Every structure is written in C-alpha cells, then in structure tokens.
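Per-chain residue numbering starts at 1, and chain names A, B, C and D are given in the order in which the chains are listed.
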Amino acid sequence: MGKGYKTIAFYPQRCDGCQKCVEACSEFHAGSTDPVHSRIKVVEAGGAFGLALCRQCGEPQCVMNCPAGALEKDTETGVIKWDRDRCVNCHICTLACPYAGITYNVVSEEVMKCDFCEGDPACVKACPLGALELKRGAEIFNEWAELEDLVVPGISACLGCNSELVLRHTLRRVGSNVVVATPPGCMAGVGTVGVNGKTGVKAPVFHPLLTNTAAMLAGAKRYYKRIGRDVTMIAFGGDGGTADVGFQSLSGAAERGEQMIYICVDNEGYMNTGVQRSSTTPYGAWTSTTPVGTVLRGKSRDAKPMPLLMVMHNCEYVATASTAFMEDYYRKLEKAIEAARRGMAYIHVFSPCPTGWRFPPSKLIEVGRKAVQTNIVPLWEYENRVGRIRFTHPVENPLPVAEYLSLIGKFRHLDEEQIAHIQAQTQRKIEVLKKFTSEQTTTTLHHAA
Amino acid sequence: MFHSKYLIVGASHAGLSALDAIRLIEPEGEVTLLCAESTPPYSPTILPYVVSGEVRAEEVFLRRSDRFERMGVRFEAGARVVSVQAGDHSVELESGEKWEYEKLLLATGAAPSIPRIEGLEGVSYHVLRTLEDAEKLRAAMSAAKEAIVLGAGLIGMHAAENMLKAGLKVRVVEALDQVLPAYFDPRGADLIERAFLEQGIEILTGERVEGVAQSGGRVELSLSSGKTLSGDLLLVSTGVKPRTEYLKGSGVEVEEGVVVDDRMRAGGVEDVWAAGDVAQARGFFGDSKRVNATVLSAVEQGRIAGMDMVGDSALQPYGGGMAVNTYTFFKHRAFSVGMGKVSESEDDFEVDQVYLPSSFCYQKLVFSGGYLVGASGINTELDPGVLYQLIRRKVNLEEEKGVFSAKPLEMGRVLMSQVWR
Amino acid sequence: MGKVIVCDGNEAAAWGVALARPDMVAVYPITPQSSLAEYISQFVADGIIKADLMDVEGEHSVLSVLQGAALAGARTFTASCGQGLAFMFEPYFRTPPLRLPIVMSIVTRDGITPQSVWGGQQDAMTVRETGWVHMHCENVQEVLDTVIMAFKIAEHRDVMLPVNVNHDGNYLSYGVEKVEVPDQEEVDVFLGEKNVNWHVALDPERPMGVDPLTGGAGGIGPSLFVKYRKGLCRGMQNALRVIEEVHREWGERFGRKWAPLVEEYRLDGADYAVVTIGSMSGAGKDAVDMARDEEGKRVGLIKMKTFRPFPRKALCEALSKVKAAGVVDRSVSFGWNSGPMYQEILSSMYFLSTPIPAISFIGGLAGADITVDHFRRVIDETQRVLEGGEVASEPIWLNEST
Amino acid sequence: MYEIRFHGRGGQGAVLASKILAKAMVEEGKYVKAIPSFGFERRGAPVAAYLRFADRVIRQTTNIYHPDCVVCLDPTLPRSVDIFEDIKGGGVWVQATKKALDEVQYPALLSRVGFCDAFGIALQVFGRPITNSIMLGSFARTTALVSMDSLVKAMGSVAFRDADLDKNIEAARRGYEESKVYDLRGGMEERA
C-alpha cells in the first residue's frame, strides 16, 4: 500500500452548519473572519448540508484543464498547489472542478483553493462536532481496516468470494455491539456461526431459519429495547433467504418498522448448495435448476425487483450497492446504521459469485463494475424521510449489456434474442426507477397501497 | 524507421491527457509524443495572456521538462506529421522520418479559420493560435496605434481588451448581431459589449467585411454597411477549424474533423484514435457529431482515447460535448455551460433569470423536463463546475427546482455533496 | 386470596399469562384461539399484561420473534392451533433443541380436510414428537393455573424446554366457569426470578455462535450432535419430576391440587377404567359416578394431564390397579388405526407385569360432543372386554352416528 | 343442577347472554358452566348457548340436551327451530314475543312461560333489535332464579360492543318489568 495523501473528510450527519470551519479558514488565510476568504464552504439548502472544498483529487481535473500550468499536484504531499504567478485568472479550473473546490474570491480578485494550511488545516481544528477529519486519502477507505475484523481468519469461502468481502467490511464498521444473523446460505455456509461449537465471528451470531431471519432479529431487538440496551441487529441474508422463503418474514418486519440493518447479499441463486435458481436469478442465466438444453435456455423469468419492493414497504432506508463501488457502499452503510435506529434499513448488495457464475476470481471487481456501467445494477438509495429514490451513480450512457454478460459463464449460451430481452428489460428497469425519483410518485404509490 | 507502441500526434490538452491515461495502466510500453512545434507542450488558450503580457512565453508550458523522462515517454518537438499510412500503421514527418505505431492518437488540434474576403490574402494580418503567433502579435502591438479585430469570439475579445490596455485604439467587427455568439444570449452579450464600449472599444456587430486592402502600413476594410475602417494592425479571429490536411488519402474518415465514436476511435481505419479540437464527436444534447473546441472536451476525449488504447476496463464511453467556457474581461467574469442561449419563449424549456444591469450582473438557468440543460452567468457566485456536472450527469431536479432556483449556489453544492460527493 | 371471576378458557389463559409477567407476547389469530389473541392484545392495551406485543404477520414469525426475544433473555408466550401450528412448524420443532423455555397455549383444533374449524386434538397430537412438553387441561381453572405453572416448568434449569398448555377448542376456549385468579404477589413468589438465556444467548456482552453446524460423518460432529440430543431427552425426563414438584408447590401455595401427570379417579376397588384426556374428563367422571353409584359397576377413570414427556411410570401404576381399559382419544393415529393415546398406552403395557385388554375409542372430532351417554357406552364396552369379550381391531367411533 | 338453553339468531347476543347469566349465577353463589354451541355462525343464523348451574362443582363440559329452561331471544325463531326439543317435563319457556299465550303453540309439558316484547323494547332502548339483556330480565322475572341485582352486577363485568352498560341495564329492567308470566297447571301435573 502506498503512503497515501492526507485529505479532509466530511461527515455531513455530524454537521450543524455552524460555520466555524469557514471562519477559521478565512482567519488563517486572510486574517479576517469574512467568509469571502474561506476556501471551505458549508452551505445549507433543502434541509441538507453541502460542502464545497478541494478534494485534492488523484486525477485532478483542475490541473488537467489549466491552460497555464498554474495548478499542480505536489507528489510529496498530495496537495494541489496553485501558483499565483502562473495563473492568468481564466477560471477554467472553476469549470473543470466538479466539487467547487476552487472558487473565485471577489475581494482578492483571484481564484483560491484549500492549501491544507501547511499540513494542519484550521477548519478541522475549528470544527466542534467532528464533522471534519484530517485523514490519509487511503484512510477514508481503509480506516475501516483499522477497525477490528470481526470475522475470524480462515473461514471457508471460495476463492474471490464477494460475500466474504461484504461481511468483513460491514462488520468492521458496525462493530461488536451487535447481533448478527446469517441464515442458511453462503454466509452461514462459510462458517460464520462455526462448526461443532466453534464460531466464525467475534460477536453474537446465529443461524436463523432460512425463512425467519427478520422475525428473529426483530424479537431480539424488541427485548433489548425493552430493557434499555442499544444493540444493533444486522442480517446477512442471501437472495433465497430474502426474496424467496424469507420474504414473508422480511415483509412483515419491514411493515412493522422493526429496527435492523438487513443486508441482502444477492448472488442471484443458491450458490452454496449447487447453484440453483432463486427469484433474483436473472433472465437467461444458467443454474442447475434452469439448465441449458435443447428446449430450455436458462431462466425464463426476470428477477424479482427486491429493493424496489422494500421501498414500497416504507423502509427507513433502502439502497442497492456493489463492492466495485466501495465508497458508495460505505456511505450507504453509514446511512443504514443511522436509519436502523428508526426502522428497517435494507441494502441489496450485488454479489457476483466466481464459483457459481463461472468467471475467474480475478474478474470479480470488473464484473461488479460492468454491471453498474451497463445499468444491469443501478446504484441508488431511498430515504424514507426524503421520500424518493436517488441514483448515487447515474449511468446515462450505459454500455451495452453484452459487455457485462460476456464476462460471465452462466450467460455463455445466450442468443441474440435473449440478449435483446435483457437489454430491453435493463432499460425498462431504469425507466421504472426514474419514475420513483420523483417524490410525488413514491408518495402517491404509498398512499394508493 | 522509428517505432512506438503508442504514438500520440499533438501535445496539447488532449494528447497529454491521453498520455496520462495510458501510463496509469501501462507503466512500461513505448509511448511517443510528437509535437509539431519546437516548444514544450502548451495550451492555445493561454495565448491571449501571452499577448497581454500577463504571462511570459517561457512560463506557459504544461509539463516540466523532466516530466516525460520520468514517465518513460519519448517527446519529439518539431515533429510535424505530414501524412498517415493507416494500412502500414505508420506516419511520415515533415523531416521525412517515418514512425511505425501500434496505436495512433491524432490530437493535432485546430488552426485558425480564415474567412474568404476579397483582398485578405494580399494584406498582412495576424492570427492567434500558436506561441509564435502570440509573440508576433505582441511585438506588432507595441508599434501599432489602431487595431482592427475581425470576429468577436473569445480570442478576438481577449485580444481587443489586451490591445486596448496596450494603448491602442481598438475596433471589433462581427458579422453576427452580438459578441460571443457561441456562448452568450443577446442579453448577456449586450452586457459584455457595454463593458467594452465603456472602456472605449468600438464594436460593430452585424457587419460583414466585403473587402480588405492595404496601403502603406495600413489596412482598410470595407464593410457591408458601406462604412470603411482603417488601422495599422489587423487580427483575424473568426474561429478555428480542425487540422486534418495531413490526413488526405489516409483513409481516416474526415468530415468537419476526424469522425470518432464514443471511444474516440477514428472512422474508416483500424488502431487510430482522435481527440480534442481535431475530433468530431457526439454532441451531448443528442445533436449530430461536431467539433467542440474546448479545453474540457479535449481533456476528456484525450483521457477516453488513452483508456481505450490501453484497454482500461474502467472506460466509460463519451457522453458528448457541449459548449462550455469561462471568460474574464475588465475585471468582470462570466461563464456559460450547455444551452445557455435558449430564450424563455422557446417551448420545452423553462428559464430562470436574474438580470441586474446596474450591478452588471446576469444569471440564467435553463431547464428542460426537470433537468438543468444550460446555465450562464456574469459576475455571479455560481460554481460553473457544479452546474456543468448537474447537466452532464443528468441529475433530476424536478423536486428541488424550487429550492434550486432560489438558492442555486447552495442547492448545487448540496446536490454535489449528495450525488457525486 | 385471589379474586373470583367468571370467564372462558381463553380469557383464563390470558389471565395466567398476565400473572406470569412475560416480556414479550406474540399472537396471530386463528379459530378457536382468536379470542385468546384478542384477550392478550386487550390486556396489553389495558396494561394488565405489561409485555411488548408483537402483532406479526403469521404464526411462523410469531414463534420466530419469540425465539429471538428468548435468546436475548425475554420470558415469552404465544398461542396457536391447527393450521397455524402447522405453519409454525418450522420454528416450532426447532424450539426444543434451542432449549428455549417458551410457553404456548394450543387451543386444540382438528386437522383439515374436510374443512373444519372446530375442536379436536389432532394438532397437538401431530406435533407430540418434537420435544415440547405437552399438558392437557380439564377445565377453565386448570387452564389458568397450568399456564402459570408452565413457565416455572419450562424455565427450570433441569428442563429448559418449551411447554404447550393445551386446552380443548370450543369446550374450553369458549366454555365459561367460575375461576379464581391468584394474587400477583403470590405468583411472583411462586415463579421467582427469571433467567431464560443463561445457557444460550445472543448478547454482545456474552458473544457466542448460536447453533453451529454440527454432525456429518467423521470428526467429533456426530458425537457432539448425539450429546445435544441426549441432553434434550434428559431435559424431557427431568420434566416429569419437575412437573410433579411444580404442581405440588402450586397445590400447597394456592390450595388447588391438580394431578400433574396422571389422575386416578375412583380406582380403588375398580376392575376397569376409562382413560381420558382434556375436557371430556368431567363427563367421564360423572358417568363413572353414575355407573358406580347407581348401577354398582366397578369402574374408575384415569386422566392423562401430561402427554409429553410421556408419564409411563405413573400411567403403569394406575393401569396396574385395573384389569381392562377403555381409552378415549380426541384424535386419530393414522398409522395405528386407533387413537394416539391408546397406542402409547399399549406401549406402556410392555412394562406391566401382565398386559390388560384395552379398547380404543375415538370421539369428539371436529367439535363433536363427548357426553355422559357416550361414556356409558365406553363403560359398557370396556366391561364387556373385562368379562372376556373380544378386543376389536378397529377403534370405536363415538360420534359415528348422531 | 339446572340446565338452560338459549336460542337466538347470530348477532342477538345469545352467547353473551349465557355468559352474563353465568356470572350472575355465580353472584347467587352457584357453580356454573356455560358453553356456546358452535356451527357456521353468520348474522341471522340460528344459534344456541348452554348454561348449567348447581350448588356443587360441575364437571361436565358438554352441550345441554335436556334443558330445564329454554330462553328464546327471537320471536320468529320457533317457526324454524324446534326450541322445545327434549325439554324436561315441567320445563320453563322464556320467549321474546309481543303475542299473548293463547296466540301461540307450545308443548303441554311446560310448567311456566314468560313472554316479553323484547323487540319492541330493544328498538326503543337501542334502536336496534338486540334482545339479550332484555330477555335476561325476562328470565329473572319468569324463573326467580336470579335477582336483578346479580344480573346488573354481571352485566357490569362484560364488554358490550353495541351499546353502553346503562342502556343494557335499562333494557334488562324493562324486560323484567314488562314480562307476562303464565303458570301452567298441566305442566305441573306432568312434572309430578
């Protein structure tokens, strides 16, 4: 691992908009608390906070687009330095930067950007709520690596198992004040609950039935609430235990607003027991119960739209996620942890399976990435208090689905007609989702239901 | 015969961007950058500032001298390509040298577009596309007293301002009815024009030049209105056109520029890419392929081309180019993104405007079906980059439109924090 | 002293629940249990039961939430029957091996099909081999008392098993009697401190993997699994002793002495006996009294209260006092073409020095009544085999003609 | 032991009447056992409920086949149901009707009959034909087996779904007061 550069991380849920960071920045750079001089800006609109601040990007657009060579990333510190002498005040950097990280100062009549205050940012020190933290760039992702890995070494997942990735990363963040449910499926099969009296997780962990994960967790949570203990409930259900036989229990728990984080690790079938079909197995996919022969050509039905169904249950939080977009997942997990204090938080993690889907383990992340880029797996979230779906990684010009399908053995047999079906369904799915991006649509549907 | 696995022709934004993208994936393979001029890489966008003296010519280069060496890239200055043999995977230079390549990127940019005006070929005039042009113009300015600028685009307007500051009397002639027609609507253009007029620059819009003649050290222009103008310095700044003359007979598909697909692959041949001002690529708003000569397009197209050349699986196809620019003049600042010129009377669009002429302030947001499609501003606080991303990413603003129209700066930043962080 | 109320069996069960102070109750309605679910809900609404009410979406989740709650340390109760019990079966037959002391009323109901929503013990008898303790009540007062005792039995350290308190659908669910409701303080003392998850817990303060994969061929798996199974069997056998102890203590404390395992009624000097279970026993006793007092027949009655664990020793002791038995079941053992209780009594006779003739009667299916007149016939038929008559290979169906 | 059979139609409250009377009999110091009959219950369909009381513990938890008394909550029911089936000789009949004794048919073995225009009273008190409380009053008047005080106490401990307690007490009192009781010689003879 490289040394990593420092950067300023922002935790909007801790921010109350007090502007102390802004004052501190102005004070440091201009000797005045006038916010006009601040390189950091915290603004409020529509009940949420936005942060405009240089991200000290790895591939900085400001640098790439500056016609004067006035911006440069310092390879020692990672700070993007602005050279006043070379700057011609053309402002193309303000157009190139997606983050409003470099802005025009009407008093000094030049652009300005965060320079890290010589390595000890004043804003971070000034924040009374810990909403700003100075971290190494890699730490924003890898700070979780410093948290205790609650999964024991040597659990028996397949090579390149995405579900194990989800399990380890999630439990690190959620911590050990938790009750972990891993219903029958890959998560349990790899030994989370252990074998012969041993355990695979350094936290209370259990096998619910395949059918009752959400109900059992709800029972435990209710009792802890009753006796005044704050314990997080988290489930790692497979798609079978979630969308098939476990659905009733999950649906009931969601309707009752049971407080838990329910993570569906969707590997699109029963990968733990010989690759059988589930209701989230996609159209056309080979499984051992949707085989390919002279008459049948893989699964003949489309996958159940599980996350959308959970939106319609009025969950506090619903999101889709992919390990190919870890930052996106981390952020959603943070929101889920918070939402689970109020009700159910459901995250549907797309979880490609090298073993069951027939692709090399080294292609895991690429499969995940292509799924998103083709819109096979749109990344979005739904916050009940916002009341609508928001794409967290909109893909407006998706790659053809064939670029995803061709990576995976379970789709090897698809003919043109089947691929065309998948392409059309993918488009349709996006169009349906887009309807839910309007608050009115979602609210109306809830009332109608 | 020289050989390079990756051969990049042209060393401005697009070429440099492609270079970085290639090196991100492939740290070893041969990469060669051919630069027609004898200088290190620079951006044509910097030239007005060289003219004005804000920056010295030797300080405009985009890469430090040791950069290419550290990257293991061969940089060839003064290497002007005169022909491409796509079948042989080779190019020929003006010097007669031949270079073989496995993958070729054409990033040769654009040249000034000279209008057909009777007599123009016979007079001495300036253009502004190279560092050499800039130095010549700067030298000429010091000796001249009265300048005529043909074309009120960004180059012309910048130059006019610079010449005024250098003490010249300046007149700008523009065939269309407004200045900066590519970026601003009439109201914004009027405001900008007002600043120029107040500073004493004469602007003649709606005037075509019918003929040019030279007598002694002076050029004389006859205009369509019957007026004549004369001056001792003529700058022709009527736009640019892709440099494609060296592609004749190469098989590379050229219309206005080199026609490319969404991975910047050139049509008609194998293993050739094009990016930047030379490329004719998808337009963002569903319009036909066109040349979009902006820095942002060049950087993005160059990166996509480089990624595709090196087989980077993270490649996202080109989403299309749109008109984007920033413009500073007489201590004022302006920007324009996307369909900023749409007028409020047009169907299918919703336009929010703030117009405060006394404060020299104008702001305009254009929506279509819940999406932002254009924005422009003069002396506003808005973040052009955030607005540009809201358009590019097609962020649905239907629900936020009320808040967004009232607080575009704040809401833009909140959305930025939420959507792409 | 408690208070006297007049209520039906479903309400009595709810009073028992209230006095046991559970932390969590979960209910899903099904005839004839529904009014019990309603009483529980109303009692929670009125603060009589100070528990969290989990009004979940089906019996499967009912027992599932209680399992989660019990693993977190909660005292729990629910009730079901018939198809509800069948739907609950997956978590149901997992509860005993989890050793969770959940108490559940089965308001017994016959099985479908043909469709029938009336009483009958087919549901309880069908699930008799799952490791739950099963006790059957005779009247409304016994329902109330047994529900409370059930918690003490279930949570006893030597038992740690779930308990079903069964009362007959219709006859006891809706049957109204005068009932004494004990004082809360008395019940609190009787039940003592609860500690339901000392042995298995989902608690961050005592992290453990609950229910690891065990078994398979090779390694310690199979022997470990056997250890767990034997532990469960031992818990069941311990329950026989604990049920007796708890009933004895109940009698001493509250003055009502219920036979814990097997009740012997007028066996002194009896030559033969009828064997009953549940609410039919009252009519049986009246019939025995009449036969003895008015007709001089030497007949007595054996009532089974505890059916699981099967009280073989107590039953054999009772049977050893007579020379013939007529066994009246309210359900069917399809495999044996008899009543299930009859079949198990035959098994018990292996342990008698001399087996005795016995007849299987099946009555009261699908809500049918078993009256004093029916028992007259049972007595007559049993007397016939006592006197050397042949034991038919078929059961006698009491309600075959109405 | 005294056995009572209630007849009514679904929705008239026969089952609740048997439960209230059970409570009232407990107030009178008796042991009780009340059971509803069960069938495919629908609003308007004939239903029955059983109540037995005695001075000692009642063990039988069964239906009643030979009642000492029949209480019928509905004036039209006797036309469709044999409410007198297997009634004991000297039995008592309490009937909701506005007719007089000579307008109706009944078995000769009855010893006493109580009639009450329960429908008429119910419409006045409740605005709906709910007759159970009224007929309990009529039962008390006809049989003198239970006091109005005990009935009122018993009514106080049940939850009425259709009207409040006061109205039900008023209804029961009017049932008591407005009943016509006939003593039948023939019945007495047969009883003897």
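Things worth noting here:
By definition in this document, a contact is a pair of C-beta atoms (placed from the backbone, for glycine too) under 8 Å apart; a residue touches a chain by one contact, two chains touch by 3 or more.
Note that the structure is predicted; figures quoted are calculated from it, not measured.
When chain centres are taken as C-alpha averages, the shortest distance to the whole-protein C-alpha average belongs to A.
Each of A-C and C-D has its own count of C-beta contacts, and the greater count is at A-C.
Computed from the mean C-alpha positions, the centre of subunit B lies at a distance of 100 Å from the centre of subunit D.
Subunit A and subunit C, compared by their mean Cα positions, are separated by 51 Å. Between subunit C and subunit D the centroid-to-centroid distance comes to 35 Å (mean Cα coordinates, whole Å). Distance from the subunit B centre to the subunit C centre is 88 Å, each centre being the mean of its Cα atoms. Contacting chain pairs in the structure are A-B, A-C, C-D. In the complex of the two chains, the subunit A residues touching subunit B come out as 10, 12, 41, 43-46, 48-52, 59, 61, 64-65, 67-69, 85-86, 88-92, 94-100, 103-104, 109, 327, 331, 366, 369-370, 373, 388, 390-392, 394-397, 399, 434, 437-439. Residues of subunit D touching subunit C in their complex: 15, 18-19, 22-23, 26, 31-36, 38, 58-63, 65, 154, 157. Interface of subunit C with subunit A (complex): residues 23-24, 26, 52, 54-58, 60-61, 64-74, 90-91, 94, 201-204, 206-214, 219-221, 224. Residues of subunit C touching subunit D in their complex: 4-6, 8, 118, 139, 168, 170-172, 174-178, 279-283, 285-286, 367, 369-372.
Contacts from subunit B toward subunit A in the complex involve residues 13, 16-17, 20, 42-46, 49, 54-55, 59-63, 262, 295-296, 299, 303, 313-314, 316-320, 324-328, 331, 333, 335, 337, 370, 383-386, 388-389, 393-396, 398-400, 403-404, 407, 409-421.
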